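Before I ask anything, here is the structure I am working with.
Going in written order, the chains are labelled A, B, C and D, and every chain counts its residues from 1.
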Amino acid sequence: MDFMKKNIKTLNLQEKLSIGKKAATLRIENLSVYYDQQLAVNKVTLDANPNEILALVGPSGCGKSSILASINRMNMMIDDCRVTGRILINSENVLTDQYSLTKLRQKVGMVFQSPNPFPMSVKDNICFPLKDHGLKSKKDREVRMFDVLQQTGLWDEVKDRLNQSALKLSGGQQQRLCIARALALKPQLLLLDEPCSALDPKATEKIEILLQELKSTVTIVMVTHNLAQAKRIAERVAVCWSFNGSGRIVECSQTDIVFNRPASKITEEYFSGVAG
Amino acid sequence: MYKFKNIIIIIIGLTFCVSCNNNSKTKIELTGSSTVAPLIMEIGRRFERLNPHILINVQTGGSSRGINDIKNNLSNIGMISRELKDNEAEFTEHTIAWDGITVILHKENNVKQLSHQDVLNIFTGKIKNWQKVGGVNKKIVVINKAEGRSTLELFLKHFGMKNSDVEADIIVGDNQQGLNMVAGSPLSIGYVSIGAAIFEAENGMSVKLIDIDGLESKLSNVRNGTFPILRPLNLVTRGQTSKEVMEFINFAQSAAVSDVINQHYFVSTNANK
Amino acid sequence: MRTNKAVELMLKASAILVVMVLIFIFSFIFFKSLPFITDNQLSSLFVDDGWYPTTNNFNLFPIIVGSISIMVVPLLLSAPLGILLALFCRYYAPKSLAKVYIALIELLSGIPSVVYGLWGVLVLVPWIGQYAPPGASLLAGWIIIAIMILPLMVICVDNQLALVPKKWLSGAQALSITRWGTIWKIVLPSCISNISSGLILQTGRALGETMAVLMVCGNIVQIPTSMFDPIRTLTANIALEMSYATEMHVSVLFMSGLILLLMTSILMSLAYAFKRQPVE
Amino acid sequence: MHSRDSQLNNARVVNHTMTIIIWSVALSTMLLPLSIISDVFIKGLAHLNWSFLTEIPKNSGREGGISSLFISNSLILIVCLAVVIPIGITTALYLNERVSPNDKVDKWIQISLDVLAGVPSIIFGLFGYVFFCQILGLGFSILSGGLSLACMVLPLFIRLCENNLKNSPASYREAAEALNISHTGFIIKVLLPSVAEGIGAAVVVVMGRALAETAVLIFTAGYALRYPNSLFDSGRSLSIHIYDLAMNVPGGMPAASATAIVLFLLLIILNALVRFSCRRL
């Protein structure tokens, strides 16, 4: 571990702290998503301000995951999926072909429901994507690895197991490793698809604290069906509902407005089940 | 992944260095009859010891393949266990040994000897039960050879039969398979090269050779030419041949190898002279 | 994903190379059998009286029947056995025994067919010969082929059983459904279609068996009336006569190769018909 | 209530009998193949001694050993695997990664691969005999033997690799897509390591098939008994040695059985070796 100590001293503090450029602003304008001609998301308009957590809540099957997957064009992998409408990141529409997938995926990081680290060592899980993106020097990669592991609070837990397989870590550690892996590419927008649904409460709490710390560097859009979690950590909440098979945004505003003085009746009924 | 890479590099290196030292030795390729191949392999080994600069490669695959390979000049010498046919006039044959074809029965079969007519009737299905030839009252199992084999052709020619007349119960390919089949079924009758039959009979395989018309099936009769079904073991070449090839053929016909020929229970040519 | 032109070209090149090899092999067989096809009409394969190539009668029909009959019973014999053995390894045998059992099965699938053929000639044929001479017969072929394809069947069924989602098994255990109930009602119905497609593929391999069949089946060209009759299959026919054949005889043998290809592809389409995507 | 109880123990009875049936079938069906192996072992063991492994065959195989055959057989295997593994894996990747998604062509490739896997090996022998020995002029040599063997096992290897690639978890692909990993990086660093064990098993199956093959090599690799000193020399493989001793050489049975035992041990060692190295990848 001595090589890590040596690098920290030579690096000036300021450079170490500046993680990525300014957080992105996201604006979705009447987005519709069709799976094999079946309308799943119906004209959704939504926006997320920089350095804030937007929670997308709603019952399962209301299209919230489809909305999230459209932002970084992940649903392109599904054969017969068609997306219409506009998604602007820093006021550039990403759904057009001119906007290269490479640029989009560098700006937007994504974390999935069940942790999916690569079948490699913990160190490689973070360094391999960096190397693949062309970060040639080994030292820079290790510095950035040290940064994101520290930032996600994983460094103390894994510093002497860097070369062990990532699959040996616990569920919570694996999910935080996936977050660290996404952060290593310095995204401006971080998408999370029900990140804690497969984790125990203690690991979930660690992730929630981490997300609130990350607000300072990156905009976060999180899909969750855990309303209490949305209430705890999100600045703004968008409620999604399914009307005869296709999802629409019923309401989107500050967390306390949505939970205490909901504008739409559907939100009120949906939240009435919440124990506060 | 790292270990996997250098294993592959080592293997490629190994094959490369093995393949590149294609040395200067001249090679003589022989292909053809499976009866002759074991004999020629032994002769070839002895020849290689005497002439280290020559390599003898022997492949089996049957008499017709011996002929075909010379035509497509894949080999220098063809090995056939029969005389050349009339449509193969372009080849020259060099006989190195003689072999007989004998009828074999299972060891426990109490039939002592058969007449020429008995064998004919058995193979054409006129006699179906061993009792008619002094054996036990059981059905005869006739073992015939596959089409195209020289043993079959000579056997049919000697007994004046056509292959379609033969009513066989089992058809075999090489001699050894015939021997195994007869040893396996006590009521069977078959025919193979006399050399292989004598070798196996002496080494405990439950087969026995049968005398036809009172003439004993043994090598001395083959040597003195009285044995009914004889066939030459020929080395065949086409057109003019290189010095080394002629050297090998003369060596194979010389007395120096007659011990090897006897070891394989064939009859060497110079013994007859 | 970001694609790299050079690597994609390499993958495409190797695929093209494989396709070229496929075309080479198919056309090689076809051109070698062309002289026969153009010379006499194909019907002579079924009309000629008997199989005597040197006198130009090429009736292949009994040999084709031989090939089909040698394949049917081993499929009916080894398929259920294969399923039972695979179930044994996966659900009944303790872990250590299962490991040893599967390793043994893989070893058995690697044995050269000459070894089976030898055992057949020296042990099986004489044993059958005592009851119904000549011994070398269709029955001997069935037994040898059944023994040879059994390991392959077990491996192929085992691969299918591995695809059954674990959560179904734990679900059944939670409801304390009996082990056989789980297998009969949950495991088998879900993958029976893929299992049967796999089993048919393995029978295709049995169709191509040469050495062992050549030694034990007697090689008599006839349509078998009883299981004790010796028969000759297409592969044994090729192996027996190819090295001794002259022009027209060679092209008829390649013709039988073409027929074998046809039979294999019929089996293949049958197997594809059964194949279904495993239910997720 | 009564009917439900009886229905319940009926299932118990069926389950119990099935357990007995399966156990008895599993153990009894293994007796026959094992008796074949033990038969070969008994016959061959007497003939097997250290000199059998170190000397070269004498008297056309009846005496002496099989050391030269090890060299020629392993060279044939190396030539075969050196062709099959790279081309097999890359073609399986081409088909699986849908590099140029043209479903009709890919479907036809897969069907012809399956049909080719069913073609009798003797036809590959003849193909090799004409193509490698005559047209390419390699003659009867280890090289043409290895290449014809490669043509025979390639379809099987490609199908096995493809099935393995299909079973690789989809979550890796999703993660790589989200991180915008290059396709090459994904294949080499993520996809292949995750299926390394499956590909190891495929290599073992192919090696087993190649070692057990006789018909192909008879027409291509030839029969030479001595040490090959280059890839262009003809060399005899162990399985051909068993075939020749059993079918052509009188009195060859003990040597054939001894060679069969050596072949078994070779199969076991190779099996363990490849499985072990792939698991640790």
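The rule is simple: a contact is a pair of C-beta atoms (placed from the backbone, for glycine too) under 8 Å apart; a residue touches a chain by one contact, two chains touch by 3 or more.
Here the structure is a predicted model, which is why all the values come from computation and not from measurement.
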| Both chain A and chain B are touched by which chains? | D
| request: Pick out whichever of the two, A-D or B-C, is joined by more C-beta pairs in contact. | output: B-C
| task | Select the chain whose centre, defined as the mean of its C-alpha atoms, is least distant from the mean of all protein C-alpha atoms. | result | D
| request: Would you mind pulling out the distance in Å between where the CA atoms of chain B average out and where those of chain D do? | output: 33
| task | Find the geometric centre of each of chain A and chain D from their Cα atoms only, then give the gap between the two centres in Å, rounded to an integer. | result | 47
| field | Distance from the mean Cα position of chain D to that of chain C, given in whole angstrom | value | 16
| field | Sites on chain B at which at least two other chains make contact | value | 61, 173, 177
| Residue numbers of chain A (touch at least two other chains) | 101-102
| remark: Touching at least 2 other chains, the residues of chain C are 2, 239
| task | Determine the shape of the graph in which chains are vertices and touching pairs are edges (line, ring, star, complete, other). | result | other
| query | Taking all chains into account, which pairs touch? | reply | A-D, B-C, B-D, C-D
| query | Which residues, counting only chain B, touch chain D once they are in their complex? | reply | 1, 3-4, 7, 11-12, 14-15, 18-23, 29, 31, 34, 37-38, 41-42, 45, 48, 55, 57-61, 72, 74, 173-177, 179, 195-196, 199-200, 203, 263
| query | Which part of chain D faces chain B closely enough to touch in the complex? | reply | 59-60, 75, 78-79, 82, 133-134, 139-140, 143, 188-189, 192-193, 218-219, 222-226, 228-234, 244, 246-252, 277, 280-281
| query | In the complex of these two chains, what residues of chain D are touching chain A? | reply | 169, 171-182, 185, 189-190, 193-194
| Which part of chain C faces chain D closely enough to touch in the complex? | 1-4, 7-8, 10-12, 14-15, 17-19, 21-22, 24-26, 28-29, 32, 81, 84-85, 87-89, 92-93, 101, 103-104, 106-119, 123, 147, 150-151, 159, 163, 178-181, 201, 204-205, 207-211, 234-235, 238-239, 242, 254, 257, 260-261, 264-265, 267-268, 271-272
| Considering the complex alone, what residue numbers of chain A touch chain D? | 72, 74, 77, 101-102, 105-106, 109-110, 112, 114, 116-120, 124, 128-129, 131-133, 178, 181-182, 185
